[in-house]
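See the structures that follow.
The same chain A turns up in both complexes below, where it pairs with chain B and then with chain C.
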Partner chain A sequence: MLELAAGTYPVPHAGLRYELARDLRLPRGSWLRLRGENGAGKTTFLEHVLIPHLKERHCLLYLAQDMDLQQNTMRATLALMGLEAPQGLADLASAWIEAGGCQEVVILDEFDKYLTAPQLDALDLGRFGWVVQVSHLERPGVRPDLPGGFELSFVRPDAGRPEVHLGLERLWPA
Partner chain B sequence: MAGLKVLTIFVQLTAFFGLFVFGPWYGRMELQAALLAVLLAATAWRGGLRSAWRSLLFVLPFVLSLLAFGLAFQWAGLMGRTDWLHDSLLKALVFPNSFLIVKLGLESITFRDIMGLPLRPGARRYAIVLKAVMEKCTPLLHRYRFFMDLTPHFAGRRSGRFLRLCGVIVAAYISIYQQTEKTLELFDHRTRHLRKEP
Partner chain C sequence: MSIASPPEPVKQNKSEERRTPVNASTLAEHGRDHCVIDMHNLFVGTTLEDELLLLGSGEKALADIGRECALFGVRLEPGRLLSSYSGGEQAIICSLTLMALLPRRPLRILLVHVLETLSPRNRELLLDRFATVLPDAGLFTLVGSEPQPVGRHA
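What follows is the complex of A and B.
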């Protein structure tokens, strides 16, 4: 189970305070989409709340929004493992994911903007226990490769205040 | 004026290395500790508490490695010496001091200072590019550390921590290389095509 207890999660340096009204409990085989306007704090939530909570219990792969930087660490990692680092980003990400040997959690922060749909399909995300995705693309109806679909919405009622309300919704199965 | 400022910075750096690293105050633990406090305060004053904390985090792995080796050597009584731990503690102060003072010194040299220096055009070009690359790449180190700390590829390996650190260094090297190329290109383009409006 991928879990995050209900509560308040402050991130002082970003001036944000996340309020999760009920426990986030996702069974294996879940897809979690993070939805919210630009600046709602999705990436901050991922990097300062969700990932620190998950990394102690789960093996996770994080594909960040600033891939132009992260690809340098991917190349370095593959080189240190004695593996070849492909030139193209899709192949590089794929090689990095394979080399990680991690099948638990994969987190993609707007990573779909770097890949075409077939390239994304080739990553075979369905093999992971949990897929967490920030995406501005249209929400899919159902992903047949993942039995459970959820959406966590980020609502910031007042941009001048730190509160961000997090609302969880089940997308499928109904 | 710029020449004087840069000269003062280099004199201060030379004085630091002459006194605190290779000179008579190297073994003065209390002076090294006091200097560390001053340098941290200066870093916090210049870039905020977060910047000072980040600088500390950056040097922490090196400092911890020094202490770990010191402890191990002391425990093993290597070469019959009994001062390994004391020596490591000193190095654990000297290293962050050297890092912080060089960082503060180089950061205080502005682009305007470089323009005011009596340098040949080629040397000025390299000085400007060096400064631009340093400014661009230094903050990236923290991001690279974040990525490498998360990467599961070295989990369970005894040398995992070391390999992660190597990953940060290699990524930083790639970044510096890319950034230098880009900045040189941009610099040359601007000097070739931009004219000051009359």
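What follows is the complex of A and C.
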């Protein structure tokens, strides 16, 4: 189970405070989409709340928003492992995921904007126990490769204040 | 700069062809013919105030950009480094800065990974602001490695 207890999660340096009203409890085979307006704190939540809470219990792979930087890290990692680094970003990401050996939790922060749907399919995200995704692109329908679909919405009522309300919704199965 | 056709009506990004790989040479390839806003090579290096100073613009431009940002729910903070804003906020701030500074004449503006970084609401709003503020400009995104008018493949 991928879990985050209901509660308040402050991130002082970012001036944000997340309010999670209900426990987040996602069974293996879940897809979790993070949705919210720009500046609502989705990436900060990933990097300063969710990942720190999950990393003790789960193996994580994180494809960050700034792929311009991360692809250099991917190439360096593959080189250190003595593996070939493919040229295209999709192939590079696939090689990096394969080399990592982790098939538990994959976290993608707007990574889909770099790939076509076939390229995204080729990543075979269904092999992971959990897929966490930030995306502003169109909302996909039910993913047959992942039995459960959930959405965590981020609402920041006042951009000048730290409160961010998190709401969890089940997308599928109904 | 060549004259571009006005962009077609705003639509959601639904094309699979629109995904564009990270490419550091985008500015080199297209900067001659386009004003480029590339999320991986943003032209604001430090703070917005410093950038405006370098560009010879003053308090009025800053106030105008701040007002426009508020429409998008983005609150400009004096002296804050651009890189400390979220990716989407950076896209909005840089786009609105360009909008405030560019002359009102036919231009080609190339948005690279900008629209995909915005929420649906802000994407629509940004395109609307471009159409209102720079009605003679043509907006483009990369399809593969070629600029195409926004909306053409939506």
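Following the convention adopted for this analysis, the second predicted complex is superposed on the first by the 174 of 174 C-alpha atoms of A that agree within 3 Å, B and C clash if a C-alpha of one lies under 4 Å from a C-alpha of the other, contacts with A are read in each partner's own complex, and residues count from 1 in each chain.
As a working rule, a residue touches a chain if its C-beta (ideal position, glycine included) is under 8 Å from a C-beta of that chain, and two chains touch if they have at least 3 such contacts.
Please read all numbers here as calculations on a predicted model, not as lab measurements.
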- Query: Superposed on chain A, are chain B and chain C clashing or fitting side by side?
  - Reply: fit
- Query: Of the two partner chains, chain B (first) and chain C (second), which one does A:Glu3 touch, if any: first, second, both, or neither?
  - Reply: neither
- Query: Once the shared chain is lined up, is A:Asn72 touching chain B (first), chain C (second), both, or neither of them?
  - Reply: first
- Message: On the A-aligned overlay, A:Gln119 touches which partner chain: chain B = first, chain C = second, or both, or neither?
- Response: second
- Which holds for A:Gly39: it touches chain B only (first), chain C only (second), both, or neither? second
- Of the partners chain B and chain C, which touch A:Glu98 in the superposed model: first, second, both, neither? neither
- Message: Taking CA centres after the superposition, what's the angle at chain A between the directions to chain B and chain C, given in steps of 10 degrees?
- Response: 70
- Which superposed partner A:Asp23 touches (first chain B, second chain C, both, neither): neither
- Return first, second, both or neither, reflecting whether A:Glu47 touches chain B, chain C, both chains, or no partner chain. first
- Message: A:Glu169 in the overlay: touching chain B, chain C, both, or neither? Say first, second, both or neither.
- Response: neither
- Query: When the two complexes are placed on top of each other via chain A, what is the minimal CA separation of chain B and chain C in Å?
  - Reply: 9
- Message: Give me the intersection of chain A's contacts with chain B and its contacts with chain C, in residue numbers.
- Response: 66
- Within their complex, chain A touches chain C through residues 36-39, 41-44, 65-68, 71, 88-89, 110, 112-119, 136-138, 159-160
- Item | For the chain B and chain A complex, residues of the former touching the latter | 50, 140, 143-144, 146-148, 150-155, 163, 166-168, 170-171, 174-175
- Message: For the complex, give me every residue of chain A touching chain B.
- Response: 13, 47, 51, 55, 59-62, 64, 66, 69-70, 72-73, 75-77, 79-81, 96, 99-102
- Flag every residue of chain C that touches chain A in the complex, lowest number first. 12-14, 16-17, 19-22, 24, 40, 72-75, 85-89, 91-92, 113, 116-123
